[in-house]
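Both complexes shown next keep chain A, but they swap its partner, so chain B is in the first and chain C is in the second.
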Partner chain A sequence: MTKRQIWWLLIIPCVLVAAAMIASLLGVFQFSFRRFIPGSLSAGGFTLDNFYGMARPIYLLVILDTLLISFLTAVFCLILSYPVAYALVRTTKEWLRTLLVILAITPLFTGEIVRTYAWMLVLGTQGFINSALLSIGLIDTPLQFMYTRFGVVVALVHFSMPVMIILLATAIGHVNRDCEKAAANLGAPPLSVFWRVTVPLTMPGIIAGTVVIFAWTMSAFATPQLIGGGKVLMISNLVYLQGLSSFNFPLAAMLSLIAFIAAIGSLGAIQPIVARLERRVALQ
Partner chain B sequence: MQAMTLQKTSFWVLVAIILAFLTLPALVVIMTSFNPTEILRFPPQGFSLRWYARAFTYSDFQNAFYSGLIVTVVASTIASVVGVAAAYIIDRYQFTGRRLLEFILVSPLIVPRFTTGFGFLLIGAQIGLAGSYPLVILTHIVLVLPFVMRSVYVSLANIDPALERAAANLGASPINVLMRITVPLLTPGIVGGWIVASILSFTEFTASLYVTNYSTQTLPVAMYTYVREYTDPTIAAISALLIVSTTVGMFVVDRFLGLKRILAIETH
Partner chain C sequence: MTGRLKYVLAAAILLAAVDVSQAQQKLVVSIWGGNWRDGAKEAIATEFTKRTKIPVEFITGGTMDRLTKAKMAGARPESDVTLTTSHVAYLYVADKLFQQLDTAKIPNLKQAYPEAVRSPYHIGLYSYVFTPAFRTDLMPKDFKIESWKDLWGAPVKGKLGLPDFDPSHIIVVSALLSGGDAQNWKVGIPMLEKLKPSIKAFYQSDATSQELIKTGETPVQVILSINAYHQMSQGIPLKVVVPKEGGVVGIDAIGINAGSKMTDAAHEFINVALDPKVQEKLCDIYKCSPMSSAAHVSPQLAALPGIVTSAEQLKHQILIPDEVRAKLLPEWKVWFTEHMTR
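Presenting the complex of A and B:
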């Protein structure tokens, strides 16, 4: 077998999988522009109604809410993840690093349902936080965390932190420590070294990570579904409601398409910014 | 000097608080799973294993566990084969459409899960495969493939090209070099990729909700249905088992393959 024949042998499965992915996206695209026939799973002819339907206040509000929740999640996720990523890369003790990696990364692999259920136990009216606050007498009546935007954001921040920590740790790992040492030798106190050298040098990672989490959060489903409980709606919950409860496939497809475009668009938009920052950082 | 120690101490206190936030939900789940009554109380009044017994005997969970296992094993194994093929040709060959192929194969990382799942539901319905194992497995292959590819890329980059050249110079045919030199050297990457893929496939929820039906539903889907119907701590028992086994799995992967290497984190 020549190298060429090996290539043919290997590319066939890759193309098949790629074709399946494309077919699923084309399915969504195609259904977005077809007419909904109530009571039937098949869709009618071409229409732009689903697209214009998005201008209705209920959908606009959900889309805006999705963007707001994703933005808040990304920002808080960044603030909480940076110290952990920094500690993980810079600690000199190997056992501590292993412990940090395991603690930080394991939640990523327990799945959406387990983690969301865990947060229901923590945030519920009779949950962990309320029981603790009641028993030490800080509050008299339970606080409402479930079915609020706050509860959804807290759980989503927790959900996204492992990914953010990995991305930030990669960025911090690439910082040339000579720059920090030079600043320190010239008399900069540790905090200014951090804010004026380390943070700017990791800015490409910070921006890329924040936008990745923003895009990622837009596709969260279980968390807003169970913790939002219908009171906090994201696009994913509307897709589920329209697609699997009302069987309005065309409208669900249009909502999925919008979420897809928002995710791809936000990631595509930052590419030039990150590339420019990376060049600037490389010069230093 | 004293100011610096203070800063250092406060930094580590901050890190400890954040780690407590990361770990708290898991600890609460484990605590709840031993709760003796249906009504949740913190701290639990007693100790009981009844929810573990219920989790193991509830037939929906038993069935979902086996369907999930079938989907996970088949999907991650196929994804590993395809992932090696994809990473190899994208890394070692130059051809038109190479970047495009790579972009499509890693796109499930950025396309919302519900878009992918809903898309597979739509095409599955059109070809009469809605809710069937082939459709669920295909969806899972697409979703976990990027993780296998990433793991194999890291291993490919670590192979000394001299080894492949030496084998070729000694008369090994290209397929022999691939099968007897390259693939064995990629083993850590393939095994690491397979483990990550199977954990992700076993716990995948959003897309599975769209492509499965009652007879092919995976464990997370069955758990979701249960949470919506009952409030007892059975789910806490399953969750506790999943959390403990994943943590142990992570330690094993770290011990033998190095998590930092798989995740491509550089340290100083």
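Presenting the complex of A and C:
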């Protein structure tokens, strides 16, 4: 078999997967411009009603909420994951590395629902935090963590951290230690070496991790559904609530389309910032 | 081909043929998972197989998943019989996913309440109510609910849990309390808006409803009576109340999928499900109300709030017509999400 034939053999599955993906997106696209017939599963003729309906305040608020929650999740995830990833790569103690790998990666194998339920037990009115604070007398009445953006972000950060840690650890692992040693030899204190050498050199990992977690969180469903308790809605929850569970498939398709555009649009909007950061790193 | 290989191939073909013929001889029933499947298996499927020698296979999923799958499968359904909520069954009927029933093949239907015949295509099997319930250990000692209006009272402020996947119960109740009905639901809007301070959270499924009660997050809930009784059986101090205006009745219905090749067996399955003895057993498991007037539930079950044992009692509950509910639910959901959840 020639090299060209092998190349074609490998490209065919990619083309098929891409074709299936594009076909389903086109299906969603055409369905979003169909008329909803109450009391029927079948959609009617083409209409722009679903599109105009998106101007309702509820949809705009949910889209803004989704962007805000995704942004906060990505930022806090980065802040909390970086030290863990750094310690994971740089520690010389084998037992500590093993412990960090177990602590950081095992949550990946427990699934979203299990982890979200665990957070419900921690954040609930009678949960771990409130019980502890009540028992030591710091508060008189339980604090409200559940059904708030705060609770949703906390659970989403925990859910996303393993992925961020993996991406950051890869980036930190690729840093040329000679650069850090050179900076130290020239008199830079450890903190300065970290901020002015290590962090810029790991910028590709930071950018990749932040973008991945932001985009990933945009489609979060189970965590905001359970922790948000219907009071904090993200786009996926709205698709389910307004579209699927009330049999209004054209509206669900339009909401999905808007979610897709919002995700692509926001990633496109941060692209110039990403490009600038990458240029700066390359220059350094 | 060697002689031995020929024999092996022949045996394999024979085994495959036997397998196919057996596959054709089983009745496939679509239902929700967990307790719902277990109850139907114990009460209906066991008796059906005993009478017909036809095994029953259950396929499970959520209400919407199964509806969507049925729609996609079209004339080649995955199941022969489907159990779902009555207003969702209306959608199966509207999209010709159920076939018309031959009532002559369901003799037990004669003993059923008139409300059991939801349409020529689907039959109500049992009923329950969506009604208020509260944790007795987490609410004041003197707290009680006599009317739906009590949900608007000060003791319930910030404690109420409601379903958001289907707000029809509270919308219709608010309309009734304001002098309207399901069709004329907008008269209840001022009342609904006044309920907002009472609402702590919304639940999206039976599981989250139970979780909110169990953890005490929402000590008061508008809850499916079957779920409430299930939780009480697990030791949770819960009190179910049917207000003087009645509970909002839910009926789970059964229909035969269009395109099923097991039509006779499917009719017999429905007939068995409506058998008074089977109905008694099913209702004892689910803690629900039978649809057969000939079914005599135990005095303990009959004494539970929301259990209906006569056509007269059923009339005192709030019953939303399937068609109205199926057609208005999307409108209710949009309004509810816009005005109540945020």
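Criterion: the second predicted complex is superposed on the first by the 240 of 284 C-alpha atoms of A that agree within 3 Å, B and C clash if a C-alpha of one lies under 4 Å from a C-alpha of the other, contacts with A are read in each partner's own complex, and residues count from 1 in each chain.
Here is the rule we go by: a residue touches a chain if its C-beta (ideal position, glycine included) is under 8 Å from a C-beta of that chain, and two chains touch if they have at least 3 such contacts.
This one's a predicted model, so the numbers in the text were calculated from it and none came from an experiment.
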### Message
After the overlay on chain A, what do you see for chain B versus chain C, clash or fit?
### Response
clash
### Task
Mind working out whether A:V274 is in touch with chain B, chain C, both or neither, as first, second, both or neither?
neither
### Message
Quick one: is A:Q126 in contact with chain B, with chain C, with both, or with neither? Answer first, second, both or neither.
### Response
both
### Task
Could you tell me if A:M203 is touching chain B, chain C, both of them or neither one (first, second, both, neither)?
neither
### Query
Given the touch rule stated above, what does A:C179 touch, chain B (first), chain C (second), both, or neither?
neither
### Task
Please indicate which partner A:S256 is in contact with in the superposed arrangement: first for chain B, second for chain C, both, or neither.
first
### Task
Report for A:F247: first if it touches chain B alone, second if chain C alone, otherwise both or neither.
second
### Task
Report for A:P38: first if it touches chain B alone, second if chain C alone, otherwise both or neither.
second
### Message
Looking at A:V17 after the superposition, I want to know if it touches chain B, chain C, both of them or none. Which is it: first, second, both, neither?
### Response
first
### Query
chain A residues in contact: does chain B have more, or chain C?
B
### Query
Taking the superposition as given, does A:L61 touch the first partner, chain B, the second, chain C, both, or neither?
second
### Task
Identify which of the listed stretches of chain B (24-32, 132-140, 168-176 or 222-230) has C-alpha atoms clashing with chain C after the superposition.
222-230
### Query
Can you pull the chain A residues that chain B and chain C both touch?
41, 117, 120-121, 124, 126-127, 226, 244
#### Entry: Interface residues, chain C side, partner chain A - complex
64, 67, 71, 90-91, 94-95, 164-166, 200-204, 208, 211-212, 215-217, 323, 326-334, 337-338, 341-342
### Message
Applying the document's contact rule, which stretches of chain B touch chain A when the two form their complex?
### Response
3-4, 7, 11-12, 14-15, 18-19, 21-26, 28-29, 32, 39-43, 81-82, 85-86, 88-89, 93, 95, 101, 104-105, 107-108, 110-116, 118-123, 125-126, 138, 141-142, 145, 173-175, 178, 196, 199-200, 202-206, 209-210, 220, 223-224, 227, 235-236, 238-239, 242-243, 246-247, 249-251, 254, 259-260, 263-268
### Query
Along chain A, where are the residues that touch chain C in the complex?
36, 38-42, 56-58, 61, 117, 120-121, 124-127, 146-147, 225-226, 229-231, 233, 238, 241-242, 244-248, 251
### Message
Looking at the complex, which residues from chain A come into contact with chain B?
### Response
1-3, 6-7, 10-11, 13-15, 17-18, 20-28, 31, 41, 80, 83-84, 87-90, 97-98, 100-107, 109-115, 117-122, 124, 126-128, 131-132, 158, 161, 166, 169-170, 173-174, 177, 189-191, 215, 218-219, 221-222, 226, 235-236, 239-240, 243-244, 249, 252-253, 256-257, 259-260, 263-264, 267
